[in-house]
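Alright, structures below, take your time with them.
Note that subunit A is present in both complexes that follow, paired respectively with subunit B and with subunit C.
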Partner chain A sequence: MNQIKDKFPEGDSFRSELNGRYRSATIGQILFLSALLIAVISLTALLYNIVDGAFGYTAYEYKKDPATISSKPLTELNQQELLDVLKANISTGAYKKLNNEQAMETRSQADLLSLILERIIRIETKATWSLTQSLFHKAEIEAEVAEKYPDAKLEFRNWLTFSFLTSPMSSRAEFAGARTAILGSLWLVGIAVLFALPIGVGAAVYLQEYAPRNFLTSIIQTNINNLAGVPSIVYGMLGLALFVRVMEPFTSGKMFGVTDSNGRTILAAGLTMGVLVLPLIIINAQEAIKAVPDSLRQASYGVGATKWQTIWHHILPNSIAGILTGTILAISRAIGETAPLIVVGASTFITVDPNGPFSKFTALPIQIYQWTTRAQSEFHAIAASAIIVLMVMLLSLNATAILLRNRFQRRL
Partner chain B sequence: MENNQTPTYAITTNDLSIHYGSYTAVKGVNIKVEKQKITSIIGPSGCGKSTLLRAFNRMNDFVPNCRVTGELLLHGQNLYSKDVDPVEARRRIGMVFQKPNPFPKSIYENIAWGARINGFKGNMDELVEQSLRGAALWDEVKDLLKKSAYELSGGQQQRLCIARTIAIQPDIILMDEPASALDPISTLRIEELMQELKKNYTIIIVTHNMQQAARASDYTAMMMIDDKRSGGVIEFDDTRKIFTRPSDKRTEDYVTGRFG
Partner chain C sequence: MIQILLFIAGILSIFITLAIVYELGKEAWLFFGNPDVTFGKFFGTTEWQPSIGKIGIWPLVTSTLITSIIAMFIAIPLGLAAALYLSEYASPKARSILKPILEILAGIPTVVYGYFALLFVTPIIRSIFGEDNVEVYNMLSAGLVMGIMILPLISSMSEDAFSAVPRPLREGAYAMGATKLETSLQVVLPAALSGIGAAVILGISRAIGETMIVAVAAGSGPNFTFNPFKAAETMTGNIARISGGDLSYGSIDYTSLFAIALMLFLVTLVLNLISQWVVQRFREKYE
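And now, the complex of A and B:
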């Protein structure tokens, strides 16, 4: 006994050894804290970069001075006065064309105002500056504008305005809005979750409760786990081949009597996203079902319940929290994916809102990508605004799912 | 003795054996469980008591690789024959588990749910009250029926599980160490409850508490593992006889506390 006791350090040697252990612990703690700091800094840098681009000074010129067409400032004119200004300053042909698109009397004040600004005043952005530049280098900016663009007006502009959210696309950055893209993204996420959630949960229930534990089941399980990591563009190719081409009668709506459409619809894209997030939902649902304690199943079977009754009344209600977590992850993935949407055929320039599953579409990530690739800096500014919109949408969808999950968890 | 009636048996086993793959967990059990009496199964840890108990209501079906050979006769019909539906068997043979496992629902729903899925058409409120009275829990929870079952104490939860079991009117109640997770007072209450319950139900209880078996049961089955690690019933008799004049030496060693 004593021989073994001697092998342990005692007294001072024990204490110095213990101090060594404490040192390792402190080093570990510092490393973990540094990791956290690096993550926080990266995220802050990302946020800063985005916000920086969405606000700032703009120098722009009018092709026609608003004072020459109206005695009062344009923003103070009412609808009838705006109509008069419009009629007086554009050709009758152009006016008729606008009227055919949508009757002039029914257009809103904001609509008429932006038409005037676009067609008559013809605002042209000369240069934009980021938020930091605008805040800290105001004097230099003013000097530059006075030198390079003497006719231009300098104004602090918030690119993320309400009209940005509600306007459709335009080829001019000052008038372009994200409305079509926002609606497109919402439709996509909706279709994807509607498709993937029941199928994913059903597959998970079968794998956990019904499937026998044999070789075939483990192959299926491995494959599902792997599919969660496949690059999204591969899903895009699948969507193109399957939903856009092979299933064209269904996705284009020809089966339902819709004409003048092809397979590149929001339905095809939504289904592609659905298949993309399906492995995620299955894996999460499986974990949630596994987490339901076996004692609950035994209690249910003990009172003479069938397997289906046990699943429907006990297992599913008690795994809803985990399933919703999977849905959150799926939504986050679906809303941000760009590559598969490009392959499946998101429109690059579309001004019409999606009005059904068989319409052409665009989505926020595509819009952002497009605007970022343009040369003019004002497009970068609205790209930054669109990124903020995307993030807010993402956070709201996540928050809703988290609220739902907490509500279900508290019931237990 | 006093009456010359042959006792009626709720369960009879004929050479019942339970195998997990190639390993035989329980070997050759031949016992006759008398109706409306309490039969206890005792023995050291790991000798297959719970496995045997779970065979009585086909709960072993959920364990992969589990095979049962031999016969288990419930009122003369072999429970393990191909044309017997295990769901129906579990309706006739209820089970109370070691750790109380009420459903995460209200007290009322715990009892009502089992009745409802079995097609109960009568007055549910009456059934709930009757079951709770039968489990000696009514007075404590009659104003709390909508509360979650998880807010009850351990002993109350176990009695709720008993109420849930008797609500569907089984013939037999299996109890797998029902009081081992409870304090002594709750344990005593469960034992008193068992004496009441046996007036209407046949009770089979697994326990490693010998005093409990001696106090509460009418018949006792003594189980032991052999050198091939298979469990078997080495003695089955009147409780008083098992604990005062056991026939098998191993039984005597166990009940006198020389080991186990």
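And now, the complex of A and C:
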């Protein structure tokens, strides 16, 4: 009897035990919520860290004082005066080389100004500080600059400027831009989607509409699910072995008469990314096709349509929302992937924009990787700016996906 | 006719897997066929520098394991707790705010996480534990950030598993006077165990295959150590570093990369298959 009384307490002991259980329940709830809060705090810390790095004070020195080459401040000179300054201060050989790259008269004022800053005045960044440091520790920064770099000037710099977006690469952080990388990323995504979308939707249509329920089909399905989980660097190795080496006549363009390239082209990388996103597109398209109600199919057959007519005129138009969402998710994945591109051979320093599928290339994530792993802090600053560009691209892509999905869903 | 085209599209995925196995296997075969390479040295020594004949795989493997274990220590408890809160406690309004945040975390490119690990987390760790004890590149920082990256994966898969547990089970527990905590831990969690197991295994597979976070933050030289404060390159980081430099086809550096990649592919494949098997075998059927 006592045993039973212990298991089912009554009266005061029951009350106290119940309160203990309520307390544990509340603690548990707080613990679970704090797990979520840790995730939220991490995201905030990440975003803060990136924005923090892209703006701040920099201390830089001139190798040559601008006052010695021009009486007016450089920003006030017009294009002809800038040209004169340039001609007077760099060697004729260098001037000819610049002219060959792009005729001097056609260059914009901003372009000429940055050339002067780069070649003649030779700005050298001595130190950079993050945004929070710049906002809250201004006096200490000024003291440090006065002590360590007496010749340097201190200026608040926004590293994410329009010229950052439109300038090509440079070995100096102050002048490097992301234009080549952005164009490279866009080319890559274009080739990847061009390759993966038709094949992916075709495979999904086959698996959902035509495939019999036999062993082969289940193997194909399991295989696709597994491919979605393969690490991206393995896809890179596949791309290196297959697209760069085995298919070199095709990817380097030798088949088409291009003579001065090897297999590490934007075409090979685009195909690699296409193979990487193919399982995602297939799985998403399958879900979209599965979601089309069977009554639509049966109605179409009922009025005498063939299988392909049903698919083309009824099933595909009704699943286009899901297929588009899947494609945009795949694009977001493809834009952010770095590892396969490193393996396939993205150049880390090229200054010419991609001008065809057989050109060498770089991509935005590759630049971010490159700049982050440099030691000087000004490279970290432009890495942060490039990250902001990448995140903005991703955000707009995902927002477009959500908008498109909502729009097409209402139509149905 | 069209059916044939579609069938080819469907079969293409099998070709991709076969191509991966063939290409990786071919070069890995060359690596193991090299007279300097013996299984004894491969599994027996602890230094990895193929160009001078040191081919002990253990430094890369231990680094991969340590970073993955640190990541899972973060991702599993936090992911499960987050999933429990979202499915059992959160109001619809809270859920509509918190779920997108988790989805954003899942969508951030890994190189951005690498930047975060190197330039935010590492300085914090160094200031806590002392700059002499923690190297600039270390496994702990990479592991922590990897955990945060995997957290949304585990959270969303576990949440799907929790929502598949039928309401009557919960209601029965409440009817007997159980608190929400007791119901969550003693009724819902065990019922969803197969889904949680699958999520954990997929998370481990993701952690092992992750490249950029470790390439940026964990170090760029193989190092056989169990100390998470030290720099040590992982399998994936090694592939990224070597293939980013000068690489001549057919050299032992080149073929060794494929051997590592083949190991990675097989390990993640086995883990993914186990995860699918766990779901099928242990799923509770309620109807």
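Keep in mind that, in the parts below, the second predicted complex is superposed on the first by the 375 of 412 C-alpha atoms of A that agree within 3 Å, B and C clash if a C-alpha of one lies under 4 Å from a C-alpha of the other, contacts with A are read in each partner's own complex, and residues count from 1 in each chain.
We take it that contacts are C-beta pairs under 8 Å (C-beta built on N, C-alpha and C of every residue); 3 or more make two chains touch, one makes a residue touch a chain.
Quick caveat: nothing in here was measured; it's all calculated off a predicted structure.
In the superposition on chain A, A:N318 makes contact with subunit B only, not with subunit C.
Contacts of A:Y301 after superposition: subunit B is touched, whereas subunit C is not reached.
In the overlay built on the shared chain, the residue A:H380 is in contact with subunit C alone; subunit B does not reach it. When the shared chain is aligned, subunit C comes close enough to touch A:R21, but subunit B does not. By the touch criterion defined above, A:A54 lies against neither subunit B nor subunit C after alignment on the C-alpha atoms of chain A. Which of subunit B and subunit C touches more residues of subunit A: that partner is C.
Using the contact criterion defined above for the overlaid structures, shared-chain residue A:R213 touches subunit B, although it does not reach subunit C.
Those residues of subunit C that touch subunit A in the complex are listed here as 2-3, 5-7, 9-14, 16-17, 19-20, 23-24, 26-27, 77-79, 81-82, 84-86, 89, 98, 101-102, 104-105, 107-116, 118-120, 148, 151-152, 155, 179-182, 184-185, 202, 205-206, 208-212, 215-216, 236, 239-240, 243-244, 249, 257-258, 261, 264-265, 268-269, 272-273, 276. Residues 21-22, 24-25, 27-29, 31-36, 38-40, 42-43, 45-46, 49-50, 53, 198-200, 202-203, 205-207, 210-211, 219-220, 222-227, 229-234, 236-238, 240-242, 245-246, 275, 278-279, 282, 308, 332, 335-339, 342-343, 345, 348, 365, 368-369, 372-373, 380, 383-384, 387, 390-391, 394, 398 of subunit A are the ones touching subunit C in the complex. Touching subunit A in their complex are the following residues of subunit B: 57, 59, 62, 64, 87-88, 90-91, 94-95, 97, 99, 101-104, 113-114, 117-118, 150, 161, 164-165, 168. Of all residues in subunit A, only 212-213, 293, 295-306, 309, 313-314, 318, 412 touch subunit B in the complex they form.
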